[in-house]
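In the two complexes below, subunit A is the common chain; its partner is subunit B in one and subunit C in the other.
Now for the complex of A and B:
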């Protein structure tokens, strides 16, 4: 029904849409999601042919083919015949769109362009669950939900084939939003809909396909269910993580940095935690695999550590029976299990401290055959007993810089600077008094932070945290968990979080796996 | 928060006493002989009481007891420090290797130690001394060879426990080599045991050397505190024991006490947890 090919728009030198390609079929509801300023409204206005009214210096190139007609080449008169009758739109700022001195009934009637449309309008308003008695009210006399319903009535009154909904639920309360979502679903059967929104709940509820927009580029698209349950682009995942959905248990995480789109390389690389050199140099193409399109040089979120068929037996007791899982970049995978279930054994096997009876471990898709300094530069562990994990003879500076000393990658001055930086990252002072103090001078919470700082000083890609908060009181535990969350957001660490505490698992995990009798199973937390 | 050795020393009266005694004994052993008579010179004064010329009188063959005491102290110091160092070094190498490497090496070392431990050391030393000239160097080597086994066993046990400690695992997960773990963590963590072993070995060496000299198993030309006590003991029925036997015994005790105090101080410096102890 609608095909957008290499659509580019710009206001003067400022290019907003940078070559969009997608299509909306009949009965498709396509959600276009993304942060503010990514080009959602521009796309909606471009399809409606309304961009020229925004600014004088608008340039549009590419094709917007609707039922075989390229809308971008139509003149205004021709467009007017299509607008509202074939393609309609629900604008974002209802207060600015509705005329304040005309009753809403009349405004709807204007679109109907008929002398006798009262019954049609009343029918539509009834469908909207809008009290007909208030149809002659002025916009300022209506609530935001009612105004939004009037806008929907205007959009659907001519029974168009294609409807564009631009943030239809953004200003509504929870109940009004759910009500409106229900109405939109009913009205949109047999129609093609483009839903531009940053409200992910609405997108997930209404649409069957989702297009993720960033910096005027499509970076991921696919079926809504797939995109939301298994986002493959780091941006999509970041967006979903930032949204406080009803079922979300993990603390909210944003996307690092601020939206600032670059024309060099991938538009997302300055904020991406897994960017490599090519990401900075070449723009990735939108490629399709398994029904999903993704624009990423790394083919989406990469698995950092892959554990396959790990087995371990102690004195004829099988602790781990063919354990397999992946830890992806920037995600927290929690291994949940009671004491003695083999969680720490598993962590030590990954770290090369215990040899498994069978199985293999891959780091960034390469099989680990030798646990050497290169491995440990990428994978670090926070041990369960923090106090025991620090040598009582070494002061904080010596303890924190020990990994750098072993890896021999920095001079003495650089090591001190690096130590101060990581200590500040975990919220500890970098003063001489603190640096030259000893573990027995510090509290449990401070020690935990020191251990985290030490694990971070090599800038690892994976952090294995073995019960990092089990010995802490609830207040300190909350701080440490927030800290880990924050560090993950900034650095994109893949974290294997080991705990026996279901509450903690809920708050930190993207995924939870439970280990029981040596068998690991995915656990859904609700 | 720094560990300030000088500050620690100022607070620790025992350590101050130990250091002062050690320094005095060292000065006594090194500098004083410049001003004293040669210990081997005979005079006509036999078993003379202390006077201005002979501060601690003379022995049965007219030699100055004070001079002989100082030269004897030199021998004791030399034997104790040398034997302490050698035997502790051997015990650290063997104990740490056996504990850290484990396996066959551990079994071989431990059986070897067991074999040595069942031997009556003093008897073996006497028998061996019969066949070799029991000079100072030979004595140091001999005592060292029979001294390290007990401490090696203790160090091996501690190494076994230490290598399972979390901070050693943590250091391993930074990509360290085994040599780094040994040099940077395990051996320094054994510091207080090594110091105690050194003191134990040094003290035992002083006793062993003195004991052997006391029962007469020594080079007659070597002057040592044991030899002085051996000679003095023959005349215990005379009042000469007060200025002949007693000063030698006191000097020996002072040496051991000062070594112990010094060892305690070093232990506190090595282990910051004992700072306020």
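Now for the complex of A and C:
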């Protein structure tokens, strides 16, 4: 029905859409999601052929093929025939989107060419559950929800084949939003719909396909269900994580840095925690695999640690029976289990402290054969018992810089600087007083932070945290968990979180797996 | 609306009370203040009585005030010694010309200003727009009496096509159709120069309103709906530009009356209120001056009142805000 090919638009030197390719077929509802300023509205206007009314010096290249006709090449009067009768739009509900001095009924009626549209309009309004008597009101007398219904009534009244919805549910309260979503679904059957929104709930509820836009580029697309349950592009994941949805339990997490798009390389690299050299130089192409399209040099979020078929038997008791899982970049995977379920054994196996009977461990897709300093540079662990983890004979500075000493990679001053930096990252002072104090001077919360700082000083990619907060008071625990969350957002740390506490698991995890009788199972949290 | 009524009535009473108070606050008694020191000596008995009955100087101030109100409502505005006529009658004979001239000028100029403004704003930056814009800017730079004089010289003297002054040809003996056409011919010059003077402000305002209105989201929606150009231009953008236009015209009404009557009527010796006021100033004919000003303010008040009703009609949001 609608096929967009390499669509580029610019105002003067300012390029907004940077080569979009996607398709909307009949009965498809395609959600275009992304933050404001990514070009969603521009896309909607480009399809309607209205862009040049919005801004001067508009340039459009590429194709917008609708039923075989390239809309971008049509003249204004040819477009007029297609507009609304074939393609209609529900604009974002901004002030003055409806003419303030004309009763809304008249504004709907002017669409119908015939003089006798009243019954058609009344039918339509009835379908929307909109009292017909209210239709003679002026826009300022209507609530946001009512205005939105008026606009929907307008958009669907000529029964067009293709409808564009631009933020149809923004600025609505919860109830009106759900009500409207229901109406949109009903009206949209048998039609092709493009839904531009930053409201992920709406997108997830209405659409069957999703296109994720960032900085005028499509960075990921696929079926809505896939994209939302298993986002593969770091940006998509960040977007979903930062959205307060009804079902997510993990604390909200933002995306590092500020929205700002670069034109060199991947548009997301300044904010991407797994960017590599090529990301800064070359723009990744949208490539397809398994029905999902993704634009990333690393084919999406990378698995940092992959554990496969790990087995361990102790005194004839099989503790781990063929355990496999991946920990991805920037995610927290929680292993939930009772004490004695083998979860600590598992962590120690990954750290190379215990040898498994069978199975292998890969780090960034490379099989780990020996646990040398290179491995520990990338994988660090924090333990439950902080007092045991820190030697009482070393002061804070010495404790924190200990890993650097082992790696022998920095001069003395550099080590002090690095220590001060990680300490400030975990919210501890970098003063000499503090640096030269000893563990017994510090509180439990402070000690745990020192331990975290020590784990972070090598900038590891993976942090394995074994009950890191179980010894802390709840108020301190909350602070430490928040801190870990924050560090993850900034560094893209992959975290393997080991706990027996379901409440903690709910708050910190992207995914939770439960270990029981040596078997690991995905646990869905609601 | 009720509140408005009250404020109009209050304004009305303030005006007539001022009219009552001013001659009485001047030094001496009001009659000599208005008619001059020696007036009582020169006048015939009838006139004296007429004047005395109008001013009632021998009565206390309060009853003077009520008697003044009573005579005012009877249409007694005083007596002009210069014209030897009651002021009320005098005004009745001058008023219609002004009303006609002003009414026509306001209606016709508003129509053109609005249409030109819409077309010009809609075609922003195109040739027609620039042509209209610059020519109207230039023409609005001239003072109004200058324009009137230009019209007078060009059409009246150079072309000799139109009568240059008055409202009708004296002693012409025209009858029937002749009277009407003679009357209309006399109207052409003052009317067209007044229209010419009144167009620019309305045009500029409408054009500006259009420029901002065509950027409004509802215009984008109207375009998306595939409406015809003229429907978008007049039905949507123009409809909204009407609001500031009417507001501005309402506010300018006072100025329009002054420019209209005073300058234009003076230049063309058109026998309206402007000429009357002008002459009464020259002749120190205070009763006429006082009466005319009272009537003019009253007129402005009435126009404002109708404007208020009109605002609500064209901008439904106003009613809501009250």
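Odds and ends about this structure:
Here, the second predicted complex is superposed on the first by the 524 of 526 C-alpha atoms of A that agree within 3 Å, B and C clash if a C-alpha of one lies under 4 Å from a C-alpha of the other, contacts with A are read in each partner's own complex, and residues count from 1 in each chain.
Following the convention adopted for this analysis, a contact is a pair of C-beta atoms (placed from the backbone, for glycine too) under 8 Å apart; a residue touches a chain by one contact, two chains touch by 3 or more.
None of the values given here were measured: they were computed from a predicted structure.
Once subunit A is used to superpose the two complexes, subunit B occupies space next to subunit C without a clash. Shared-chain residue A:441: touches subunit B; no touch with subunit C. Of the two partner chains, subunit B is the only one touched by A:372; subunit C is not.
By the touch criterion defined above, A:355 reaches neither subunit B nor subunit C. In the superposed model, A:111 makes contact with subunit C only, not with subunit B.
Once the two complexes are overlaid on the shared chain, A:99 sits against subunit C while remaining clear of subunit B. In the superposed model, subunit B and subunit C sit 130 degrees apart as seen from the Cα centre of subunit A, a figure rounded to the nearest 10. Once both complexes are placed on a shared chain A, the shortest Cα to Cα gap between subunit B and subunit C comes to 61 Å. When the two complexes are laid over each other on chain A, subunit A has no residue in contact with both subunit B and subunit C. Partner subunit A is touched in their complex by these residues of subunit C: 216-227, 231, 235-236, 239-240, 243, 314-317, 320. The part of subunit A that touches subunit C in the complex is made up of residues 45, 48, 50, 53-54, 80-85, 88-89, 91, 94-102, 110-111, 138, 140-141, 154. Listed in rising order, the residues of subunit B touching subunit A in the complex are 1-3, 165-167, 169-176, 180, 185, 188-189, 191, 270-273.
Those residues of subunit A lying in contact with subunit B across their complex are 348, 351-353, 372-377, 380-381, 383-385, 388-393, 395, 402-403, 406-407, 433, 436-438, 440-441, 454, 458.
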